[in-house]
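Okay, so chain A shows up in both of these, paired with chain B first and chain C after.
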Partner chain A sequence: MTPHLVLRVVSKLLIPLIVVFGLYVHFHGDYSPGGGFQAGVIVAAAVILYALIFGIDSAKRAVPTWFVKFMAALGVLLFGGTGVASLILGANFLDYDVLHPDLAHHTGQHIGIILVELGVLSTVFSVMMAIFYAFAGRAPDIPEGEW
Partner chain B sequence: MTEFDWTQLLDYALMGMLLAVGIAIVRLRNLFAAVMLMGVYSLLSAAWFVTLDAVDVAFTEAAVGAGISTVLMLAAMLLTAREAEPVKAIRHWAALIVVSVAGAALFYAVGDMPVYGDPNSPANSYVGMDYITSTPNEIAIPNVVTAVLASYRGFDTFGETVVIFAAGLGVMLLLGLNSGKKKGDEE
Partner chain C sequence: MEFLASLIPPSLSAHAPAVIVVTPLLMAAVAALMPNGRLGWAVTLISTAFAALLALSLIVDVQSAGVISYAMGGWAPPAGIEFRIDALNAVLLLVIAALGLLSVIYALPSVADEIAEDRQALFYSAFLVCFAGLVGVAITGDAFNMFVFLEISSISTYVLVGMGASHDRRALTAAYNYLVLGTIGATFFVIGVGFLYMATGTLNMADMASRLPDLSDSRVVQAAFAFIIVGLGLKAAMFPLHLWLPNAYAYAPNFVTSFLASTATKVAFYTLVRFLFDVFWPEAPFVAVSFLWVFAILGIVGMIVASVQAVFQDDARRLLAFSSVAQVGYMMLGLGIGTAAGVSAGMLHLVNHAMMKGALFMALGAFAIRFGIRRISDLNGFAQSMPFTSIAFTIAGLSLVGVPMTVGFWSKWYLGVAALENGWWWAVAALILSSLIALAYVARMLAAIWVAEPHHDKAGAIAHARAPWLMLGPLWVLAIANIWFFFQPDFLVSLTNAAAEAALSGATR
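Take a look at the complex of A and B:
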C-alpha cells in the first residue's frame, strides 16, 4: 500500500481525533447530546476508516475478531447485569437509585446511567465492526483503477 | 404581523437539496454514484435534524447513515455489478402511483399536526412534560434525553441493545468473520 500518501497521512491525523470525540460524546452524554449509541458508532467509523485506508488485515490486527465477539456479548451482559444488580439490591429491574446510598445527589442514577451506556457503547461498536468485517471480508480488494 | 424567521430559508434550502438528491438517486444507473449520493442524502438529513434541534438524531444519522451504511453499501456493491439493469417502464408507473398516493395522504395529514415546538402538543404535554419537570429532581443530570433513554426508559434501551446484538449475531452466524483464514501470512 505505497500509494495514497495524502489519504494515509490525513487519516492517521484524523483517526485519533475521531476516537477521542467518540469518547467525549460518550462520557459527556449526561450534559450534552450524545450517549453510548452515538459514541459506539463514531468509534466504529474511526476503525472502519482505518480499515479502508490501511487494509482490512491491519484493522483486524488492531481490533481482532475475537475482541469484537467478546465485547458484543459483554455489552449486553453489562446492561442486563446492572438491571440484575438493582434487582438483587431490592429494587425494580434497572432502578439505579439503590446502586449508591447517596440519594441526595442521585449518585446511584449516575452510576447506573454510565454503566448501561458503557454496555450500549460496547455492543454497538462491536456489532458495527462485526457487520463491517463480515461484509468487507468477502469483497475482493478495491482495484487501483477504482480509487 | 410577526417578524420574518430567516432560519426557515435554511429549512427550504435543505429540503430542496434533499429532493434534488432523491431524484438524482432514482435516475442514476451507476451504483457507485447512487451509493455516494445516499451518503450525501443522509448528511443533508443530519444537517436538517440539527436545524430542528434534534442533535442526538443528527449525530446518529451522520455516523450511521452517512458513514457506516455507505461503507457497507460499497462493500456489498463490490460483490455485484457496477451498473443497475434497466427497469421496465410499467414498473416505474406502478411505483409512481404508490408514492403519489402515500405522499398525498401525508400532505392531507399535515393540517392535523401540531405547530413545531408547540408545548401543548400531545407529544409534549403528558408524559413528556412529566419527564422534563421531574428529571432535575429524580435523576439530577442536565440532559433529559439521556435521562429518558438510560433511566426512565432503560428497559426499552435494553431491548434495543439486545436487538442490535441479535442483528450482529445473525450476521456473524450467516457470513462469519473470516477469522483465522489468513493466519499463515499475517506475520
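Take a look at the complex of A and C:
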C-alpha cells in the first residue's frame, strides 16, 4: 500500500471536478461573473493539487514544461488573433460584431468574448503552472517522513 | 519618407494605430516559441521594421489630417478606448520605432554574447512586449489604458534589466530596485487617474480635458495632479526620483541599456507633457506654480547635480546613466519654461538625446563585446584598438556636450533661446554650467580613448578588433544622424514645433 491513501483517492476524485468547474466558470464569463482569468487559476489549481499529492515529477509528465510555454503563447495569439480576425473582416480591432451576422442577439460579441476568454484561460493557466514549476523546482523534495 | 509610408496599403494604414501595437505584442508570443535566439531575433526584426513603417505612415497621415482617432473594438470614445495620434505623440512614435529598429539590428551579436542560448528567444519576446508597451503609452488617448501600457512596458523592462545577471549579479538588485520604485510610480499614477475619474467621470483624456476647467477648485483634482506628476516623474527619472536609473542602466545587458536610454524615459516625459498641457491646462493656478517650482528648479538642480555625480563615476555605463538623469533635467527645464518654444526645445532635446545616448551606449556595448570593458580606465587607447567604434563614440560624446557641428548644439541653443524669451537668464547660466560639467565627464572618457597609452598584448602589439557589422551599422547611422541633423535641423525642428503646438492647443480646447 502506498502512503496517504486517503489523500490520493480524494484528490483523484476531486481533480476532474475542479477542471470541470473551471470550464463552467469560463463558459459563464460572458453572462455572469467569471471568465478566463478565474477559470485559468482554477484549472491550474487542479494540476497544482496533483503535483502536491503525486509529486512534481508526475505533474511534469502530465503537463510538461514545453506544453506550458506553448499554451502561454497560444493564449496571447488567440486573444490577439480574435482582434486580427475582426480587422480582416473589415471592422476595427476587437470589434466582435462582424464575427456573426446576427446583430440583434449580439451573437458576434458572445463569440468574440468566449474566444478572447479562451485565450486568457490558456495563458493564465500556463503562467500559473510556469510560476509553480519555477518555485517548486528549486526546493528539494520533502522527505516521506516529514509529511 | 513619403515613399516608405506609401508602402503601407490604405486598407492597412486605416488600422495602423491598432496594428502598430498589436504586431509586436502578438509577435512576442511567436518569438517566445522560437527554438533559438536567431529565429527569435528574426521575428523581432521583422515586427519592429513593420512597426517602424507603420509609424512613418502614421506621421504622414497626421501631417495631412491633424488628429487621427481610432476606436478600439468599434466602441466610440469617450466610452470606448481611443487611440489618438496628434503631432505630439507622432514624434514619440518616430523615436521609439526608429531607435527600436536600430537597437534590434544591433541586438543579434550583443545578445548572443550576453544571454544564455536557451533564454534568447524569451529575451526577445520580453523586448517585444516592452516595445509594444512603449508604443501603446505613446499612442493611447485613454488615461487608464495609458497606465496599463506603462505597466506592460515597465514589467518587461524589469525582466530585461534582470537578464543582465548572467554577466553581473548586481543586475538582479538593480532590477529589483527598479521594480519597487517603478511600481510605486505606477501606483501613484493610477491613484491620480482614479481621482480624475472620480472628479470627471471619464477616462478619455480629451474628454477629461474638456471637463476639468470647471473643477479647478476641486481638491480631488489638485491631489490627482500631484499624484500623477510624482508617478510619472518616477518613471521619467526626474531628478530626486531618479534613484532606480543609474544601476538599472549600468547592469542591464548592453542592448537593453541602449534601447531603454533612448526610449523609456522619453515616453514617460511625453506622458508628463500630455498631462500638463492637454489633460490639465497651464493656466490653472496649481499647474502654473509647478512649472517654475517643480519642473524648472528641479530640472536645473538635476542637470547640475547629476552631471557632477557623473564626473566621479568609474564605471563607463554608470557615468552615462547619471548623464541621462542630467539630460532629463534639460527636458524638464524645457517643460518648465511652459511656452511653445520651451516645450518644443524639450521635445527636440528628447529626440536628440535619443540619438546621442543610443549611439554612446551602443559604442560601449561594442567595446564590451570585444574586450569586456566596463570601467573608464579600461577604455585606454581604444582609438587604436577599435578606431571605427571610437570615432562614432566621440561624435556622440561631443553631441552630448553640445559642441557645434553636432545636433546637441541645437538642443541647447533652442533651450537657451526659449529660456531667454521668458527672461530666465539664470536658466541659461545653469545650462552653460551643466554643459561645462558635461564637457568634463565626456572629456574623461575621450581622453582615455584618444590620449592614454593603449593596451598591449603579450607580444607587445596593440590589440586590434572590429565590432561586428551588425553593431557598427546602427551605431554609425546614429553617429551620422548626430551630424546630419546639425546641418538639416529643419526636419526635426518642424516636427517638434508642431508637437509643441499640438500640446499647447489642447489647453485652449
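The rule is short, and it goes like this: the second predicted complex is superposed on the first by the 144 of 147 C-alpha atoms of A that agree within 3 Å, B and C clash if a C-alpha of one lies under 4 Å from a C-alpha of the other, contacts with A are read in each partner's own complex, and residues count from 1 in each chain.
Definition applied: a contact is a pair of C-beta atoms (placed from the backbone, for glycine too) under 8 Å apart; a residue touches a chain by one contact, two chains touch by 3 or more.
This one's a predicted model, so the numbers in the text were calculated from it and none came from an experiment.
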Superposed partners chain B and chain C on chain A - clash or fit: fit
First (chain B), second (chain C), both or neither touched by A:48: first
Chain B versus chain C as contact partner of A:68, first or second or both or neither: first
First (chain B), second (chain C), both or neither touched by A:96: both
Which of chain B and chain C A:12 touches, first, second, both or neither: neither
Which of chain B and chain C A:83 touches, first, second, both or neither: both
Dominant toucher of chain A (residue count), chain B or chain C: B
After fitting on chain A: smallest Cα gap, chain B-chain C, Å: 5
On chain A, the residue positions that both chain B and chain C contact, one per complex: 69, 72-73, 76, 80, 83, 93-94, 96
Of chain B, residues touching chain A in the complex: 55-56, 59-60, 63-64, 67-68, 71-72, 75-76, 78-79, 138-143, 145-147, 149-151, 154-155, 157-158, 161-162, 164-165, 167-169, 171-172, 174-179, 181-182, 186
Contact footprint of chain C on chain A as seen in their complex: 69-70, 72-74, 76-77, 80-81, 83-84, 87, 91-97
Interface residues, chain C side, partner chain A - complex: 15, 18-19, 22, 25-26, 28-30, 32-33, 70-74
Chain B-facing residues of chain A, complex: 25, 29-35, 37-38, 41-42, 44-45, 48, 52, 57, 60-61, 64-66, 68-69, 72-73, 75-76, 79-80, 83, 93-94, 96, 105-106, 109-110, 112-113, 116-117, 119-120, 123-124, 126-128, 130-140, 142
